[in-house]
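Each of the next two complexes has chain A plus one more chain, namely chain B in the first and chain C in the second.
== the complex of A and B ==
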């Protein structure tokens, strides 16, 4: 974890940690490339051993699935970066956005209005959580409670029924190809690039990172914790809304109980992407790759005929192993 | 060892070095049964190191410790407790949400695994009475106690352990006069029971009030124990000071500019009297006082981290009201706290990003950081502050204390503030880097800033400042040009205000 600084030696003369040691450097290099290498490895092994994996249709399915999980995960990256841990309400927000999108599209016939409605609702809920978290409440508890409330409202509001857009065409959002890639994948790539550039190059992005690195220093340096938290939650809200819209467009229908494992997958993607759990370090690109890895794993296990329980077990095990490994490597890297 | 009273504790040849820094050199320390031995010395003289060795927190490099004639090895807190040594810490180790009775017996080796609450309360009453807390209900939650009661409870906890040697580590630092009396009484009562008391303090008055003998530390060496009855305040002060001002400090200001910061009748929580303060451009104002003297409160009020209740504040001639730290920064007041690890640095970020953190928006266009401009500006700052410019990408968390402090102070130079407030600028900074820090602060003052340095190190305050202001018990007590102070006067003023007044 980033907060455990090594004990300070009071000895003068020899400045500590002056140059990075060879071991520290190599540990960091391994930490940087462990996940991408693992993704490639899983791809290779799966292609050779799993029937039906290396087929165009399957790849397309994997990419669309990655896009939906990944868009939400890239949005979540900002929350983790600012030291606000995770939003446990992301799954229900995605479902709410999807259902709202379908319902408004069906009622008005306008896809644009439907998109705006989903985005608006997601943003309002996100900002409400941001204000509470920014005021000092624990983000995990706040978002867990909001997630439950949102799920409850959706379940009651839909009466447990499946919601569709009726005769209004929405599937094109998920199936249109741009440059040979499905639209969701293009949106995913563009969003990842955008978040990546914004967080690395802008004042706001820099402040989010510093806020996560040391909140107390940020406050004494004039960086507002509230503003940072609001920006981070807004980022997740946009991601969750888009993920919900694309998911609804792909399935053409949605109900309250859909996407039960999405929250886990999204958090897994962020963690596997090597974000520091306590904040200060996270990258949208690596989160996106993390989402890819998680989705491929799920896909391979599905093709291997594993049950949902076994698949969940597999994803959990991979997250634990990778996160422990990354943590150890990072610790070695800062010595 | 010709004294009639047998020695309770005798430590000989104690040596401890941290890296190349000798914290203790061949220190001899002794303690008789039933006496109060005061431990005096300036910051960094070695008091806290010997306390850490006795409490088992730190192992000595060399030397022997004998208790009641038996040689003991202090390898950890447990072995120290087993040898009959108990330490009353400065920081309270009580659990705030538990009751007084529960805290008393918390973590005790002799305690059974299950106590009936009634028995716990009955046992506590006897222990509490011995520290003068007989009127306190043992079922009270600790969070409801006053600071003095917490300190007494801390002592009672140690008593419940039945120690032969009790070390008090600045027990009265945060207490008022009336409360101090209760702590002193408790210490005296313990000594009269035949226990040996080691009393570490910065307050000379207390030494003369309760101690039988005093051991004075200076530059990591100890004096032979002196009978307090044979001493006076001047004699003690003269034995404590003795560090040379030497080349550590840069020359003082050649000329002062206009008033940069002016406080009139300033009142904030923690003050016991309104504060007036004037600092000019080019001036280094040193503020000094003990813990609880009001220096921390003043700096926090000026930094807008503490609400100002009354009075006015002018910065560069304009009256300002500061709601929060951001407003303070905007008004031209920069602030570095005493605890840089807590709120002075971003340990995971690079030197570059740390340096630019308060002013990064000034090198941005349309919200995008122009990395070229940021690089140039941070390189200039780094050169100014003697930070290695080839390592601007290094994580600040991996730097030495001195370099971290340079970064924590240096980042503010980029905002070009009117006033720079720095608390304890050289805490945890080694001697070589101290000189750099002093030169840096002086250079900032010369560039037109008003620099306010708050420090508990009187030598530092005297060597660095143009003007020195002293505080005692929440009140400003004296403001004079540094040239009109001697270190003797200053130490005396800070440690023993009443004597000076009468």
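== the complex of A and C ==
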């Protein structure tokens, strides 16, 4: 990913079309590179104005708190890409995965078994939602209902109690350092790269994109909407399960009411990353940067001594402004 | 069609679900009967009924307001603070509702003017208004200095209370507005077939502004009434109202595709989900159990609805095929112009290809993915 814009080629075509093309092109370029540029800009401004921001420990903290939201958000990118809007059940799935991970680890003593159980449960639930959505039901409503059911089942299953892994060590999953970075951050970066390559460079990824771009055409050319939806939901399930496992490993305990704002943070990251809500346009890298940007803003406001309310309001305002701006840029680009 | 058949066709599914829920509640909670039960269900019209009405209006116009629960929380906190300034109950409610309507209208104007998806914009404003609530409350639960207003709202007239009366009046007023006035009916036109409505001269922008103003006003009124009644407002309040409101609207038979449903649907949907929640809570189940069953109910209802539409489409296509099967290949091409004359009689389609309706291709419609109605 580079942060330099490519040279603009303004071919001398018909005068009217020419200005439109030039405008459209520059708007598209700005929209494509807005995220990296903005992130760099915010980093620079924050480093210069905020004491304690440009320190290794702070960067480390930012990366760790981005990782969990980011992993789930990168998984969700595939859903938005295929034109299935977004999942309102991601928070519950993350909590379910985390609790299942802790419970299985505590019961069997095997971390591997616990990871597989969390991944398996998340995938089964994702598949069930994919089949329903693939059959033509609205994804937002289906995932809203599933989220409520999963939350209810987890709350009933745990009786609202806190679940721990007992004496089984699980914290190493969140604290092990690889190449000087904590494991969750490494997983976040690897997953982002993987989803990015898969969605841009493979047949499956391009099919997902076409399904989101123009479903009628995609279906007529023989691409199965059901398969695409299943792949997209599988991507989210893997992301949600990993996020849940890492979050549980980090906290060493979890209960049904944990992570109440996660669903919104994940959706905000995808939208701030510039994904087109109607599908066909989404990038895992930009989603990851969106998650990073939101965390950096929160961190800067925290270091500036703002209250939780002011921080939430600030993040909300930035999300609204960015989302509107990106929409306008994209509209100008397609005109 | 005779009115009784029509009523059954429109609300039959909801009445069956209601009967099933009542039967289930009789089995689970035998004491949940009679006047206390009815009044417990009616009490839930605030905030759920009014919020559902607001969500329903945005669904009718083919959009969805996700920010309504945050507006309710913001308005609830503001109403508590306003109450302490010495204003009476009426002025506080009016100010809160008007402020909510202004917030909603601003969102509607942004959606209409910028052509942005309402889901995208309102998920941003959902966070923004939640932050504003935190600012207003300073992040802690707040209570009024004086509980007189709360007492006024806790009066009872038999089955009813001031809050449930206000909720019923709101539903009635919105029902009359939607079915009998020109701006109300234009909401259905914009939701049912946006392209056609615009082509026919229905004002798109003002319809969207109106719909979101109604939903903002409803959210604010519900939040203010509910917070004043319980004499407390928390920065995290009303968070589950989005799920419950959307669930109630869909269970009641409002279509997310737009243009279908009315305030009777809202009332039925709220009564069904409230009966479930109130019945379960009467035998000591926690709120999350009710949420769990609301989720199951929601899934079942949208599943049943999709199946009905799928069957209807299959029948429609089979009928088309039957009509065309007697014609030879040459006659088939001769039949084409008849199709373009307005009757959408096309040749037999491969069943894998979905009908795409004209409204579905409209980028501003939330439900571009919903399958075509037969």
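Keep in mind that, in the parts below, the second predicted complex is superposed on the first by the 312 of 335 C-alpha atoms of A that agree within 3 Å, B and C clash if a C-alpha of one lies under 4 Å from a C-alpha of the other, contacts with A are read in each partner's own complex, and residues count from 1 in each chain.
Just so we're on the same page, contacts are C-beta pairs under 8 Å (C-beta built on N, C-alpha and C of every residue); 3 or more make two chains touch, one makes a residue touch a chain.
Quick caveat: nothing in here was measured; it's all calculated off a predicted structure.
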- Message: So in the superposed three-chain picture, is A:281 touching just chain B, just chain C, both, or none of them (first/second/both/neither)?
- Response: first
- Return first, second, both or neither, reflecting whether A:124 touches chain B, chain C, both chains, or no partner chain. neither
- Note on the structure: Of chain B and chain C, the partner touching more residues of chain A is C
- Item | Contacts of A:137 with chain B and chain C, given as first, second, both or neither | second
- Have a look at where A:152 lands relative to chain B and chain C in the superposition and call it first, second, both or neither. second
- Determine, under the contact definition given at the top, whether A:209 touches first (chain B), second (chain C), both, or neither. first
- Task: For A:220, decide between first (touching chain B), second (touching chain C), both and neither.
- Result: both
- Note on the structure: chain B and chain C footprints on chain A meet at residues 216, 219-220
- chain B - residues contacting chain A, complex: 17-21, 23, 303, 305, 325-326, 329-330, 335, 337, 341-349, 353, 357-358, 360-361, 364, 367-369, 371, 394-395, 397-403, 411, 428, 430-433
- Query: Considering the complex alone, what residue numbers of chain A touch chain B?
  - Reply: 2, 5, 8-18, 20, 201-204, 206-207, 209-210, 213-214, 216-224, 276, 280-281, 334
- Touching residues (chain side chain A, partner chain C) in the complex: 83-86, 132, 135-142, 144-149, 151-153, 155-156, 160, 215-216, 219-220, 256, 260, 264, 267-268, 271, 277-278, 307-317, 319-320, 323-324, 327-328, 331
- Query: Which positions of chain C touch chain A when the two form their complex?
  - Reply: 64, 110, 114-117, 119-121, 123-135, 137-139, 235-236, 239, 243, 246-247, 250, 256, 286, 288-289, 291-296, 298-299, 302-303, 306, 310, 352-354, 356, 363, 367-371
